[in-house]
Amino acid sequence: MNLIWASILIPVVTAAVIAVANARAARSLAAVGSLASLGALAAFAWQFPAWSTGAVHPEPCGCAWLSSINATLGVGFDSVSLMLALLEAFLIPICVIGSWTAISERQREYYGWFMLLHASILLAFAARDVLLFYVGYEFTLVPLLFIIAIWGGPERRQAAHKLFLYTFLGSLFFLGSILFVGWQHHASTGLWSWDMGTLSTFASARLPANTQYWLFAALLAGFAVKVPLFPVHTWLPLAHNQAPTAGSVILAGTLLKLGTYGIFRLALPMAPEGGAALAVLASVLCTVAVVYAALICWVQTDAKKLVAYSSVSHLGICMLGLFALNPVGAQGSVLYMINHGLSTGALFLLIGMAYERYHVKDMDQIGGLAKRMPVWAFFMVFFTMSSIGLPGLNGFVGEYLCLFGAYIATGDASTGYPGLLGPGFALVAGTGLILGAMYMLLLVGRYVFGPLREPRDDAHAKHGHDGAHAHDGGHDGGHGDLTGREVGLLVPLALVCLFIGVYPKPMLQAIGPVVERTLAPYPAAVERTLKSQPQAAEAVQADSKEDDRG
Amino acid sequence: MIAAPAMLSSVLALAQGPLDAQAAPELRWAGLALLLPLVSGVLCLLCGWLKVRSKLPAALTIAALGGAFATILRLQGVVGETPVVINLFDWISWTWGDGSRFHGFTANVDLYVDRLTVFWMLFVTGLGTLIALYASEYMESDVGKGYTRFFGAVSIFLFAMGCLVMGGNLVMLYLGWEGVGLASYLLIGYYFTKPEAVAAAKKAFIVNRIGDLGLALALFLTWQCYGTVEYAALWKAIEAAPASSEWTAQAIPWLLMLGAFGKSAQLPLYVWLPDAMEGPTPVSALIHAATMVTAGVYLIARMFPLFIVNPDALAAVAWVGGLTALLAATIGMAQYDMKRIWAYSTISQLGYMFLGLGVGTTFGASYHVFTHAFFKALLFLTAGAVMHGFAGQLDIRKLSGLLKVPGFRLVSLLAVLGCFWLAAFPFTAAFFSKDEILVSAFTAKDERVHVLGWIGLVVAALTAYYTFRVGFRVFFGPVKYEPGDEHHGHDDHDHAHGGHDANASHGGHAQHGQHAQHGHHGEFHPHGPRWAIRVPLVLIAVGAILAGWPSYRTMLDHDAPNWVKTQVAQSSAYQGAPAGDHATHGGHDAVSHDAAHADHADDAHADHEHLVLGMDAHTAVGRLGSLACIAGILVSLYLHLINRGAADALRRALMGSIATRWIVVGAERKWMVDEFYDWVIRLPLRLVANILSAIDELLLDAGIVNGLGALPAAVGRIFRPLYGGVVQGYAVTMAGGVALVAAWVIWIWLRGAN
Amino acid sequence: MVDMSQTVALLAPEIVLFVASMLVAVLGLSRSTGIRSLVPWVCVAALVGSILALDAVWTPERIQGARLLFPMLGKYGKALIALIGIGLVAVSAGSIDRRYEEAVARGRASFDALRVVRGEYYAFLLLSLTGAMLVMSAPDLIWLFLGLELVSLPTYIMVAVARTGRRSMEAAMKYFFLGALATAVTLYGFAMLYGATGTMQLIAMRDVLAEQAAGPGLSTTALLGTILTVLGLCFKLAAVPMHFYAPDVYEGAPLPVTAFLSFTPKIAGFSALITVLGAVGWSGHAMVDHDGVRIAYEGLPQPVTAVLWMVAALTMVLGNIGGILQTSLKRTLAYSSIANSGYMLVGVIVGPKGGIGAMYLFMLGYGVMTIATFGVLAALERKGEEVDSFESLAGLRAAHPGLAFLLTVSALSLLGVPPLFGALAKIVLVFVAFEGGQASLAAVLLLNTAIGAVYYLRFVGAAVVNPQNAKSQEVVAIPHWWPKTAAIVAGLGLIVLPAFLSRLVDASATTVDGYVDLGEAVASETER
Amino acid sequence: MNPIDPQLPPGDPLVMLGLLASAILFAVGIVGFLSRRNMITMFLCTELMFQGAGLAMISYGRQHMDLSGQVFVIFILTVAAAEAALALGLVVLLYRRKETLSAEAWKELAES
């Protein structure tokens, strides 16, 4: 237990130390802090007993934080949340070292906020107490707001404001829902409990179907903003486009995963009836997202925006897998969360490195960088292939299982898990496979390969061109290929991608039991929905403002 | 459709269905065939990393491929009739629920080695080694720059092809499928500074991806119907429940076909292969002629039990193969770039193979794959040698009489030999393999495919014509040539035009004297290839000749079984006997020596019912085929050697009258298929994408989101006048508020009270 | 009858403050700057003294004697008032009479007792705090009315006197006249309540109303009286129908007075509201539905709940929506205070089962946040003037990183970002709203938090994100350390308080101990 | 009914008249406050409202035969006196500033 708290509190302590240390030491302190936190988490993972049982370890402590309603500091991992936490702890040092030369002013604040962001994301993944999860989930907005608003691109402030307000509104739906469930639990059992497990079993068993319907709608609305699902995704491209490199890496790497993890850990278990009823609508949204975002990617000229929209498309497939409501789809979805974090994070890192050299990421003005930077080009192709799901690399396993899950989610319960989707969904989402290849190869074709096109006003010569504060200084030797530091960042990412792609068995074995445990109530719920399908004539508007009238 | 299951069960009972494989852990060394190319790929990556300037990557790759070839040879000896499953390591496997039939998914990295696999890997690794040797010299001008990347990609290709062919389940096949797609992407886009090469690479990958989607969906459907994707288990599952008539089970062959046509460049998805010629010629030879494009044929051969279930699917395969052959042949006739012509001829020959599969003779198709691999590789490599020597010149109108050009005599001779094989000249290996296909076409039980036999013969004639059109124009006639414009970049920009690498200067001096009298091409001296190109060419030529050996042996001594037939028979493709062929026979266990004999004999006997022009099928096809070939050759002899002007005259004549204009224009413009796709799919999609992007930016983001964001402020402005600043104003609203509330309360509640 | 000494003893804290205010009034006039500078210290000492007196004097039997409707309300409430009072004194210590004091210190002006304002200002401040404390422990309507008047009268003067200038005079005028109007309405409400129950004693009043509730239901005069009283008290809370004065008065008044106005009248108003509604009762009422069947239900009588629901919802919405359009800092904080009143009204509607406790917890949070925010603003000045626009606040981080951090913490806490105290108080409030069956109001509250986030983000943006511009370069810190310390203590409090959330929730829950609701009153009466 | 408070029978003329008078007084006060611009008149109107409330208290006191109403009125008078002092001080301050007694002059603080 204390290892978990150690991994969460080390970054907070580092942030405090950075606040008082001098500016130059800030980044090394941040690197040490993040590596220490990774070490603590890895130590915990090493002796984590419940890898194959899917149980939660350790049992949440009774240390109440608000005793009158028994809100405890319950912290514990199961294999899925531990893997996501490890992904997070793995990405943060890469971000810190990645922005070694990119961030040249107000460094103390930058790394301070980064450590706080790291701590709150870890808290969110580690939390077993719903209120604690809300605290971790919500606090991530503040550091992200500052990281984008202060060190971002030209229109950074509008993008940061929109991100903050949009996600804040979403999270209020989520807050309303969990308070509602907590109240219902107390009202009917007389006991106070905010533990995820107890609340889920209570809500799925005792809440009437109609309430579960609204509860799932509210939870989905809350997390859809974060994932982002189709209609509420417009903040993501702006945020990515304006965020500094490390900000984009973390935003794509793990922040979006908070939304998907939230749906996986809270929305699905708590409201199976609602989940079964709304799975079709949510899947339609996801499928539309896949094709919609992929087409938009295809016509983007800004590299970062392209990758940002690709995240919307990829996460559409990821969520489709989850809403297939069978172990194959859910397994693929969880794997996809991790893989997307790695490959898209790496892509943003690479685009950031090129941006550091040319200060341009618009593919009309720049291209064919393979000539200038072959090593960079290799990694670009490697991670592009990983993100479009080339077998042998990590993207394939996740994407493939998601589509597979969606495909077999038909009415007949041969797999023991009847589903509401079917071949139609898999086919349309499958075109995402093709569109994915089209826009990623467009990116590689113009940005990496093709004739060398460098921006006319050679950024190297003219410093301090970009808006209020310059990104000048620091970036090493104009347009040389990747430095040792940069390669040192990319190699571990590449190795992990390769490892997951080649030998995903341990991860599959670890995720399996958790998935089965989460989807336990679903076969029955789906049966009921299928039976009631003909009478449920009108498709009730999905997300309501909140969720009472229970 | 109802007849199909009945027919199938009879066939399965009679014909020796796919044998159940047993695990053979002791054969784990077979994994070397995959491991070696992978190791050499990684080593090439390392060389690239260390900026190695020598030809080491080539040596590594050749050694690895040679090793792989040796492994396959040893495997050939070891593997008997029954296929073996070798598990290398677990990949994707987990179970849920009680782990019963539909409650788990396993797709491990294991090899399913039977005769068909070995047969296929033989020519893949064999040709791979030779072409790698050829490429070591061909690419030497890029030693410092792209050499490691080239050979790295070739190694990755061979690894992926190995996974595809030797893979033990459909997911391994899928891994290989996309792996070869990646390798072909990297190799087509090798000259990445050229936009056309990058565009061609992208096009190839995307069109393949469309096929891959079909394959993926087929895979899902297979698991859904049979509960497994492992070959061994799949055959048992098919035998147990041949196929539920419900549409999903029937759809598997159609989806598999989509995947196969994508990879093997058949009718709907063939457009990427001609553009793939942008890559260096060894790539075109190895990948886009001999090995990768046969993946589709292998897929259908391997999954034949699924196809047998659905005769309509088989007919469709045949028809698509036939039509593609015809279409590609017509286009091939009107092209001027030698590599493009060979590319279209490859598509055409692949059409033949699919025709063979469609009519049920997996043996004929596989045999044609075997022979075609050799002579097409030969043709491409000779074209490469010509291009290498003539500074990228490939236009058949600008080259003539190469046989007499010093240094190119051997290359030209081998090229002409290749032409004979391609044209399926009587008693060449291709003649026998094509003969098998056409015979089966005529004798197929399914009447619908008979007409394809005739189409096949017509295409044979066309093939002969365009092959020798190139042969006569380029290698015969007066010696006349113009240097290319370093077209294919292999004499790189730093390698001055006609510049002198070691070989050229040496050759140049010696030949300078004789060229004086030609004079018209100034100081340019073509330099013939050195040993590293000549040796592989000779070996491949010998291979092409020997490819026919199994048929020669059967011809001479009737009872000798055709080696290829035995290979194919003892595999899941089991001799691909069309249902009719086998129906008349007793049990057919392991195809022993006598059975083959009986088989051969009964062929003749069976044909009596299917008379073609009064003769039995074999003799008829033999005669008609050779007739078509010779006719084609004579026509091209007249038009392209004796009276070259006549060809142009004929063209002008055809162009003259409206009725025939479309033929010439169509053929030369590749029947506008590319433009058609562009207009019907790409541009509308682009338009939709732009609209969606605008919607996302303006409507969704600026409109709705910002609109909602500004809503509170807008409502605020409505209430603004209330805060006018005057005390009385506030007092009025306050008093008014109180009065309103009091009135409301009285009106609603108190009216009823007391 | 309990002898007078016991009830008077109960008023020890008020007495301490009252004496201190007299002392301060005198000290403020003394010639020597040393003594004059003692004044804030005396105030702080008095406030601390009142807290100690509160603990000493607050014994169970005395409370029994005092016959209060909410016996334990005073303990928590008075301590809260004194605590935040200390903060308010610190915030105002920086700027009252500063111009004149500096002129005297530099000898440019001779000391003239008439022009020195410091003494009266702090006296009135302490008097107003005394008034708020009195409201807390009012056994009857007269006491309540006097307490309320004692709160507001001194504030009228503080607004006019603390800083010479047209704007503060206009603010004082508006505040006075509208205040008088509202007090008149409250008075009339009291009269009707007296008329309906025949007694001024709140406990007796509750018994009478309990009988009426058990019988045919509350009489018309009782209901109308309650509603008029509620609407009258809305002025103190700056709730909707009576909130129009707030933006102008907060903007016109000098900064420390604005800080004072945004807290003290609010806590007095809420305490008075709870005391009056305590008499009306949150249970024991019955609703006669259309076919004449009487259904007992939880909560205030239906008309009162409906009025309060509407007032709360409109207050939240108008407060947040108004705030978005503002450019002046004080005006934005005015709308923020209106919105926060709306949130607290939700607690009032829910009633004694957790609602009032949550409301007082939120009041504590709101008080600390006010001190932090106004502390930072009071610690800054531009060309001698107060800092009152977002542009002059832009880029605060560059010049005053500490203050910028504190402003960010308080703005984020007001906004509702979880680990900070403000958000947790709001979560408790929302949770209690669910418990009390006011889920729809909880939704309105959550939605308004999102709308409110827009203008709170402007504070954060100005403090940390936006670069400095011409105007904000001139912003300098004032020499006095009082406001800065207040801001630091309050800011750190917002970070540290969540750790003590359990204790604070229990403490604020004690405010309703001992309150016998209408339902139980009827029951106990019938037994007797 | 409150046991210790003898209740006059409802409808006692004196009480009804008193209540009516207080209502009228209160109404006049409010109307005067809203219509008049002169600050002193506005203050006087608030006084009227206070007296109205006081009269109501007395009438209810009469009805309930209870003296606390009148005690309350005494306090109202004292408070009104305090307010009068304060109001006039304020009005003098404002007058000295803007030479006018009209409340219209003071509308600088407004929603910009």
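Order of writing sets the labels: A, B, C and D. Residues in every chain begin at 1.
Criterion: contacts are C-beta pairs under 8 Å (C-beta built on N, C-alpha and C of every residue); 3 or more make two chains touch, one makes a residue touch a chain.
Quick caveat, the model's predicted, so the values are computed rather than measured.
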Interface with more contacting C-beta pairs, comparing B-D to C-D: C-D
Computed distance of Cα centres, chain D from chain B, in Å: 98
Whole-Å gap separating chain C and chain D, where each centre is the average of the chain's CA atoms: 25
Geometric centre distance via CA averages, chain C-chain B, whole Å: 80
Centre distance in Å when chain A and chain C are each reduced to the mean of their C-alpha atoms: 43
Multi-partner residues of chain C (each touching 2 or more other chains): 173-174, 177, 181, 247-248, 325, 454
Chain D, residues touching no fewer than two other chains: 30, 33, 42, 103, 106-111
Of all residues in chain B, the ones touching two or more other chains: 709, 720, 723, 725, 727, 731, 735
Pairs of chains, among all present, that meet the touch criterion: A-B, A-C, B-C, B-D, C-D
Complex contacts: residues of chain C adjacent to chain A: 412, 417-419, 423-424, 427-428, 430-431, 434-435, 439-440, 442-443, 446-447, 449-450, 453-454, 457, 460-461, 464-467, 498, 501-502, 505-506, 509
Residues on chain B engaged by chain A in the complex (per definition of touch): 48, 89-97, 102-103, 105, 171, 174-175, 178-179, 182, 185-186, 189, 192-195, 198-199, 201-202, 205-206, 209-210, 212-213, 216-217, 219-221, 223-224, 227, 248, 685-686, 688-690, 692-693, 696, 700-701, 705, 709
Contact footprint of chain D on chain C as seen in their complex: 140-142, 145-146, 149, 153, 156-157, 160, 166-167, 169-174, 176-177, 180-181, 183-184, 187-188, 190-192, 194-195, 197-200, 204, 207-208, 211, 247-249, 251-252, 325, 327-328
Complex interface listing, chain D residues touching chain B: 30, 33-34, 37, 42, 103-104, 106-111
Complex contact set, residues of chain B against chain D: 720-721, 723-728, 731-732, 735
